[in-house]
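Consider the two complexes below, in which chain A is the common component and chain B and chain C are the respective partners.
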Partner chain A sequence: MAVIRDMMTTFELFQPANVEDAAALLREHEGRAWVLAGGLDSFDWFKDRIKRPAVVVDLGGIESLKGIESTADGLEIGAMTPLTDVVRHPDIAENYGLLAEAAELVASPQIRNQGTLGGNVSQDTRCWYYRDGWICYRAGGNICYADTPTSMNREHAIFGADRCVAVNPSDTAPALIALDAKMVVQTTGGERVVDAEDYFIGPSTDIMRMTILRPGDLLTSIRIPSTWAGARFYFEKVRDRQVWDFPLVNVASAIRVSGGTIEDARVAVNGVAPYPMRLTAVEDALRGATQDEATAERVGELAIRGARPLRQNAYKIPLMRNLVKRSVRVAEA
Partner chain B sequence: MNFLTWGTDPYGQELLIRISWDLLYLASVSGILFVIGHAVWLSFLAPSVSAAEVDDAQLANVPEKVARHSLASRAFHWIMAVAMLVLLFTGFLPAIGVQFAWVTMHWIAGVVLTLSIIYHIIHASFWLDLWSMWIGPQDVTDAVRRFKRSLGQDAPAPRKHAKYPLENRLYHHAIVVTGGLVTITGLLMMYRIETPLWTRDPYILADQTWGMVYVVHGLSAVSLVTLVIAHIYFGLRPEKRWITWSMIRGWIDRRHYVEHHDPEQWAARSEGDSGQR
Partner chain C sequence: MADIEITEAVDKGVSRRNFIKGVIAAGAAVGSVNYLFRGPSSIFAQPASSGAVERLITLTVNGQQRRVDIMKQDTLAMTLRYKLGLTGTKLGCDRSECGACTVLIDDVPHYSCSILTHSVRGRSVVTIEGLAAEDGTLHPVQQAVVDEQGFQCAFCMPGFVMATVGYLKTNPNPTRAELAHGISGNLCRCADYNKILNTMERAAENLRQA
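Presenting the complex of A and B:
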């Protein structure tokens, strides 16, 4: 339980200058080390004394993990690139505006200056039972305190729950999935590149983690292929406080339209499941359809099929349906 | 090494969570060490035991194929074996870091195991010889004699086996206890997850009681790891393979019957005889 706030327990701090050193440190202290990116999520944990790592590996000094580069097939964004840089990058703004829009809606300007793209996609859930130190499934226990008849679960999952009902809170994650991004992960066995949608895992696979990153693994960069450059994009985030909050639900879509007909589409939502959800059934229904109200209506209904609300979050179902509808109806070049 | 995992509940009270995964490694290592130890002892240290003499007259009175396991019994054994292996792998691989969506596979295998056990209880109670699993004082005497002779000591000759050797019956009873506990606790734990079978209700027990359910489930399951390792080892040993084959084919040949079994305790019936017990 969190007793003392704003006082971190002591830990050994390492500030490696390159990825190899960071990886070596993580190997050396496997199971005891915490990877620190921008620190927005980490310092919450540390100051609340819920997570008490013996070793912290700060990636802030690794220059190779920062920056945005054009490649032969799109862009490569270093995992430690601040969100503000993502928002302001001209190529991203021009060709991958979906990501710029999503990144701009993350928290506040100060947080975007400090927070990183890698940190945003790898952050932990905001379930307050878990973050308050209750020994739930995600914390290694054998119960979900958010899924009881009297628990406060307005912000929790309507899809993909498996014992744990926490949701993924990232804004940039659905945008990256819609852009068909690839996550580059440095593992003990070498470099591994996975599709953005496969980077995230649900509680049925591992109830104590939200991504595929194992102890010792590092997300080093995110590659955005040019496949969807200049497509029609839509991003919308619904939150309780408009200036600064995590999403209740967000939606990201990338659509290619030719003569009023949708040629191809990728749609993802977050805040409704323990992982950002790519809506493949919606995408299938969109291909070849006319971009009009009837199509939007149909895929909105399709999107919410199988939703299972908890006691206090049934509102997420119409919210998600309407966001998906809008993402199809309003998506513009 | 830890034996149990504890946490702190929202009221600051210590809460039993489950067994420590250290016990999984202990159970696995114990099973492997037993296998190695037994194989070494049998290969290099055990005094050679000559097979019982079998004369043609004895063989003539016994059917060529002696029925040992009915089709129903064999079906139960193999269904249970598959379910058990699926349960062990889906239960423990995630604990050692192999990531996959295991929960659905685990509970479905658990339901298959439960149904197979119910089937076996009914089948054994009404169609099989339930008492063939009983261990009496004479069985203990025979076991002591057999053990002394295996160490090269003098002891009177033990009786030949009944239908099931003592070690088979002991193993069966160990499986009854561990399998029974793991099944009962597993069925309770299914109240904590979404299944089509009944409405999820994690509140049928108090937190501490759930902790004990998890511990009993875990202890039974890691015990099964050791037991299954030993079982597979014996099933593959060359001198035991005729027993393993009987669990596939349903019968043993007359020579093995005469060599190892006592007709007084287990009367031979021909394979295909519907009166098989």
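Presenting the complex of A and C:
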């Protein structure tokens, strides 16, 4: 896969200085423009020559999309803010540590220095059949190469598959869902604000997209309400190597406890479905429950209900169950 | 007689080739006149509204202003190595998976294989060639590499040194575990990590004393 060719194929590059110019460029080159954030996902596509956009619109020069600001109700993080800035921000570390933990576990230091929060949640799946240029469902074909009797599908989905069995690889996405974050999207029809969990879509909605972003749309910022500030957080990512690798499964939880009873909870996992999954059944079971081993046991079993493993990824079911249990237990300690 | 004919034939061939070369050169000269006489503002500034980029740009590399003619899709690693001759920056994987191409951009470590050269316009790039002082005195991190002999083949060394220099700017007094995490974005195929960490711990000490 990683064959060094001389360079990427040619494209027309635009580096607009503000969102309006970027939107105008995307309109002008509709259907053939590629939006570039940090580039860590995009350059893989370009170097392997699987995607060859005619026009690349680089958002790196738009200062208004960078930075973290306190708002009346929480925080607003520009979509082009590098993950390192998210990790090091004192307010995030103090009140929304869940996001800082998740961002710190993404890839490697150099990638976090360049990769952006908006890019991390909007990245494409890493299914290698798809990334290698096989014309699968997601690439516009009519077969899934990852779901055959001889497929290598150890990293693929146990939930939410519909023809395509690829998973969403983002670490920050479940953390944002657990924090009840809102995504601010600039569309041709104006600004749209959606809940983080609704930002992601599965193959049954559109098999060729990972998010609600349509060509021409831009994710401009992410708002984190103060609802969960200072709650008990738990984030864990399981992967093969402790650097670079995408999650096999990760879990993010935010829990409010009062006198041993769970008042409210939000739990999300990723790496198990084509979209980060909010576990509402688990949350319902947690609300009002006593925080003890029996509750952890019960919600662990609830979390994996309905899971459908492929040939090589049945291990993800106990892994996910135990991570959910742990996220409830440790958050209590 | 025969000899002269052959000589003439060769001469003709050469002159024809030279003539064609001359035409190409003249065309290039006419083309470049456009760049030269549009005034400094259009050469250095980018057209603000459209966001279009130009071929001839100025980069700040190791404190010097370097004029360079690049393509839209050129990565910084390609430009450094093959346009500016700074081959100390290595290309290992070209996929942001090994760290051999690490350079500092505004004091922050980046994989130069995975950033467009156009994206570093107006920013300060430092490569392994830019660490030593004018008089040749090695940077404290480089000196630690020499003193500890921490690398075997050392292909990954420039990347490790740049990552360490960048990391120590944010945390000058790291524990061994913090240091290992801080430079975890670099691979060594000799798997010499313990010796590299010894080296970089000494580097941190050198820097604190410098």
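Just so we're on the same page, the second predicted complex is superposed on the first by the 325 of 333 C-alpha atoms of A that agree within 3 Å, B and C clash if a C-alpha of one lies under 4 Å from a C-alpha of the other, contacts with A are read in each partner's own complex, and residues count from 1 in each chain.
Criterion: contacts are C-beta pairs under 8 Å (C-beta built on N, C-alpha and C of every residue); 3 or more make two chains touch, one makes a residue touch a chain.
As the structure is a prediction and not an experimental result, all values here were calculated from the model.
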### Query
After the match on chain A, would you call chain B and chain C a fit or a clash?
fit
### Task
Check whether A:M152 is in contact with chain B, with chain C, with both or with neither, and answer first, second, both or neither.
neither
### Task
Identify which of chain B and chain C touches the larger number of residues of chain A.
C
### Query
So, does A:E12 touch the first partner chain B, the second partner chain C, both, or neither?
second
### Task
With the two complexes superposed on chain A, say which partner A:A307 touches: chain B (first), chain C (second), both, or neither.
neither
### Query
After superposition on the shared chain, which partner residues are touched by A:F43: those of chain B (first), chain C (second), both, or neither?
second
### Query
For A:V238, is the partner it touches chain B (first), chain C (second), both, or none of the two (neither)?
neither
### Query
Now for A:V194: first (chain B), second (chain C), both, or neither, which partner does it touch?
neither
### Task
Report for A:G140: first if it touches chain B alone, second if chain C alone, otherwise both or neither.
first
### Message
To the nearest 10 degrees, give me the chain B-chain A-chain C angle using C-alpha centres.
### Response
120
### Task
Once the two structures sit on chain A together, report how near the CA atoms of chain B get to those of chain C, whole Å.
22
## Note on the structure
In the complex, chain B touches chain A at residues 5, 7-10, 12, 15, 17-18, 94, 97, 99-104, 192-194, 202-203, 207, 210-211, 214
#### Entry: chain C partner contacts - residues on chain A that touch it in the complex
2, 4, 7-17, 21-22, 25, 39-40, 43-44, 46-47, 56-58, 60-61, 84, 107-111, 113-114, 242-244
### chain A contact footprint on chain C (complex, rising order)
46, 48-53, 71-75, 78, 91, 93-97, 99, 102, 108-111, 114-116, 118-119, 163, 167, 181-185
### Message
Under the stated contact criterion, what part of chain A meets chain B in this complex?
### Response
1, 134-135, 139-145, 147-149, 161-163, 201-202, 204-206, 212, 214
